[in-house]
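The two complexes that follow have chain A in common; it is paired with chain B in the first and with chain C in the second.
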Partner chain A sequence: MLKSPTKLLQLIVTLAACAFLFVPTLQSVLAGVTANYFRGVSSGLTLKWVGQVWELYAGSIFLSIQIALACLAATLIIGVPAAYALARNPGRISRVLEEFISLPLAVPGLALALALLQLYGTNHGFRTHWSFVLVGHVLYTLPFMVRSVMSVLAAIDLKTLEEGAASLGASPQRRFFDIVVPNALPGILAGALTVVTLSIGEFNLTWMLHTPHLKTLPVGLADSYASMRLEVASAYTLVFFVMIVPLLLAMQWASARAQRITQ
Partner chain B sequence: MLRPIVVCLGIICMTQRQFLLLCFLPLAIFTLAFLALPLARLILASSESEAGWAIYLKILQTPRYLSTLFQTVLVSIAVTFTALAISTTAGLFLVRNKFPGRGVLLSILTLPLAFPGVVVGFMIILLGGRQGLVNQLLPGHWVFAYSVFGLFLGYLYFSIPRVLLTVMAAAEKIDPALEEAALTLGAPSYRIILDVLLPALAPALIAAGAIAFATAMGAFGTAFTLATNIDVLPMVIYTEFTLSANIAMASALSVVLGLVTWALLLIARSFSGTTVAAGG
Partner chain C sequence: MTLTLRNIAKTFAGGTRALLPTDLEINKGEIVSLLGPSGCGKSTLLRIIAGLETADPGAAIHFDGEDVTAQPVESRKVGMVFQSYALFPNMSVRGNIAYGLKMQKLPKSEIKARLDEVITLCQLEKYVSQPIASLSGGQRQRVALARAFAPRPRLLLLDEPLSALDAALRTQLRDELAQLLRNFGITAIFVTHDQNEAMAIADRVAVMSHGKVAQIGTPEALYRNPDTAFVARFVGDAQPLVGQIEGNMLYLEGGTLPLPRAAEGHQAFVRAEDIRLEPQGPLCARVEAVTFLGAHYRIALTGAAKETLFALYGGLNAPNPGDTVRLAIAPQSILTLPADKEAA
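Moving on, here comes the complex of A and B:
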């Protein structure tokens, strides 16, 4: 395999990139369970820091899960019917609309958050409610759901299936729930996992939208990086990894599966 | 064309057209209330200082903003080209060679996709902070996490996976027969890369580069953790808004930043079908 110097060079670059990305994650996992990181692993392994993280930040972890699930529900209700309508009306207006709702992928979260704050910041009840953070998360994750569902719907002959059902007397609602949704399921699943993964990790919008009583997991992470000792910050990062890595793997699996259908 | 078919089910009677409009309704309401109106408000707010719309001219006349813009663009360009070089090399290697452990390497290289920018910043602190790995291994003071170089490494950290995925998706579509033909004609492997693979990858490389550049320009979380003393655009917007309460300037800079990243990703999409999510 490594007959030529070019191949060898490629292998070295690949391994170096892997080391650059993986070594610090390993360090944070180790530091999170080491009694004293400055003295090294020889100071003993402990779950003390993880326990401390739980005491300090359990609230933000649960808030993040709550927001991620609410975000999932909202993107399902808004995104799935919209993806269906967009897939049934392919045309210029649909393309412009799809482009417009995809803006939050391109425009930095900071700018979107400033926009939301300026329009709704004076509405105190809404500003301090957790649904304000939720709005930011839905804004950011919605395009992923819509695109994921649309790409699966575009690959099947929806029109023929629906006409068949319509000729048997099925109403539009009935066709949506009995034909469209079951056929779109792989796309919905991939979209749902993407939405939850992104929502749990969202920081850029959340940092601007959150209030002191509404700290999500990544906001708590930023907080611990700034004010806690390295072991606690690492233990908290470890907790985050434990939550996000399985989600990421599931998301990659579901996306690959949905993509196979569209090919 | 589908004829409107009216079917009554219980008390709800709807034509296909009405049902499709109903499907659009939640999206239309949400997008209008939380995307279109806030963005319109943001653009208007940028004109609400004494300078009016001339505030955009003021950005170019104020040395601090100008040097910030310059520095942000410079770091982003450096990150873009480094990420392209690393990810193209690794991506081509992983596409063209099957070996045990390949899946593990691929997982490691795409893992940071789900990391928020703050976590990426912390990774760089673990490498180059006061208690960081480099400072422990090497004698002397090797603290670079909070310098421009640390910021560059942070941006590189989240750019490598994004560029890698785009390059690999394109590389898998290249016909292996092209390389085999070059090989039978006696081309050494570096010539195959330069003359066959890179030209075929060019659109994907432009797209991936635009994605990396746009993501680096707008990265807030990483800058928030590392760039306490460095003026990059997202940090300046943040401090203008929160510390100086200079709402108009924060809005104007946001509009400029948003337009730049949006235009870049539009270019990226015209060169390759998809874009990997921004963020960081």
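Moving on, here comes the complex of A and C:
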């Protein structure tokens, strides 16, 4: 592997790029468990800061999980039937609809948030309810669910499978739950993990929509950076990593699995 | 079950007429093949019978006298075998075969009994727990057949059930399929573009062309007495003898042949197996190519008629390309048919 100078160069560049990403991350994580950052690791390791993060921001963590799960439920209920309908009726109208659903990907989160605020900002009850943030998250994550499910459905001969089930006496509902959903499962799983990961990590749009009582995990992170001592903010980063990294890994695994089916 | 079709036509959204008004009668226990080239409307007709397509207004489909025209596919109680088999990849072999039985909400013991019966009948005992992805083409075909047959449909419909298989397997499975259908004792319709398949499996064959049934009859009847030039060409590859017909004589480039009857204004056809190489024959031809096919040689001949003729030669010493030979064709083996209006 290290035979040729080109290969060696490649390896060095790769390692350097990794270090570029990892060193600050590690430093930040380390700062979160260091007793006094300015005196360095020699001041001793502690979980005090993590504890403080928990005390101050446990609400944000639970709110984020709550919104992520609700967002998942909403994208499943809306996204899977939508993907099915689009995959089942290919044509120009479907393509336009698909682009329309995907619009929130192209529009900056800030603009999306602004639109929501203009539309519903005066409705105080809704504006201050967590479901207001949820609406933003659903708009933003729905295309990921729809596309993920659609790509798996496009790879199987859905029409004929359904015709097969129909000829055996299955009603349209039975066909959806016996044939469509099980065969779309890899796409649903990949989409679900993407939705949860994006919802937990979403900052841009959430920051515009949040209220002092509606701080999600990333908004809390920004808050801690702005107002807490560096060790607490770093400990928060650590907490954030612990939550998001397993999700990210699971998402990668599920996407790879879904991709194998579409090939 | 007796199937009666009246005035079945299909015009697609773009205005293409896939099927012209068609009437068809299929008797109880009969196996009928819809045979024709691609685009002749045979699959459309099958899908209309299944309930997967709706016919143009005015059509009537009766199953044993019951009008099913307005019923959706799931209520018609037909078994369908698809070209791609459409087996459910999320279920095992057993799950696939049991699906139709579950839809009928039969008691568990009844489902098990029927499953065992059909699994034995289709010789699938070894594969029941396997996922679909692990099966070969031939095994998939048997599973598709077992799945369609298990709920005891009134009618079994097969859409090109052998075309997904490779050539070597196709002949073997064709005979297996014919045997299974006979064992089932079920009324069946199957669509194919392969005349050998149709003739090997079906009691009656409906030859279709340009959205119409050109002729329906037993394989023998179609072969021996085709009604049209299209049927003669499609069933048994009849070759045109292009020349001048006067009274009961056919004047060709290579000589003159007597016809079985006066046939002015008709076209003459002959099959490769009916052309004999005979030193005293009335036709003169030049050998262009000789292909050894095992049981016989296939000889391409020019100069006898306008188009190249093919003859089958069963002797040991075939002529060589470039040889001049003489041919004989018995008058009764020449088919005289009305000239084709549509070029088929």
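Basically, the second predicted complex is superposed on the first by the 254 of 263 C-alpha atoms of A that agree within 3 Å, B and C clash if a C-alpha of one lies under 4 Å from a C-alpha of the other, contacts with A are read in each partner's own complex, and residues count from 1 in each chain.
Heads up, the rule we're going with is that a residue touches a chain if its C-beta (ideal position, glycine included) is under 8 Å from a C-beta of that chain, and two chains touch if they have at least 3 such contacts.
It should be emphasised that the depicted structure is a prediction, and the values quoted were computed from it without experimental measurement.
In the superposed three-chain model, the partner touching more residues of chain A is B, compared with the other of chain B and chain C. Residue contacts after overlaying the shared chain place A:183 against chain C, while chain B stays out of touching range. Once the two complexes are laid over each other on the shared chain, residue contacts for A:233 go to chain B alone; chain C is not touched. Of the two partner chains placed around the shared chain by superposition, chain B is the only one that A:20 touches, whereas chain C remains out of contact. Touch criterion met: A:163 reaches chain B and chain C at once. By the touch criterion defined above, A:244 lies against chain B but remains apart from chain C after alignment on the C-alpha atoms of chain A. Once the two complexes are laid over each other on the shared chain, residue contacts for A:171 go to chain B and to chain C alike. Judged by the touch definition given at the top, the superposed model places A:150 against neither chain B nor chain C. The intersection of chain A residues touching chain B with those touching chain C, taken from the two complexes, comprises 163, 166, 169-171, 174. Touching chain A in their complex are the following residues of chain B: 2, 5, 7-9, 12, 14-16, 18-24, 26-27, 30-31, 34-39, 41-42, 45, 86-87, 89-90, 92-94, 97, 99, 105, 107-119, 121-127, 131, 133, 156-157, 160-161, 188-190, 193, 214, 217-221, 224-225, 234, 237-238, 241, 247, 250-251, 254-255, 257-258, 261-262, 264-266, 275, 277-279. Residue ranges of chain A in contact with chain C, taken from their complex: 156-157, 160-161, 163-171, 174, 178-179, 182-183, 185. Residue ranges on chain C touching chain A, taken from their complex, read 50, 52, 72-75, 77-80, 82, 84, 86-90, 99-100, 103-104, 147-148, 151.
Residues 1, 4, 6-7, 9-11, 13-18, 20-25, 27-28, 31, 37-38, 77-79, 81-82, 84-85, 88-89, 100-101, 103-112, 114-116, 118-120, 135, 138-139, 142, 144, 146, 159, 162-163, 166, 169-174, 176, 197-198, 201-204, 207-208, 218, 221-222, 225, 230, 233-234, 237, 240, 244-245, 247-249, 251-252 of chain A are the ones that touch chain B when the two sit in their complex.
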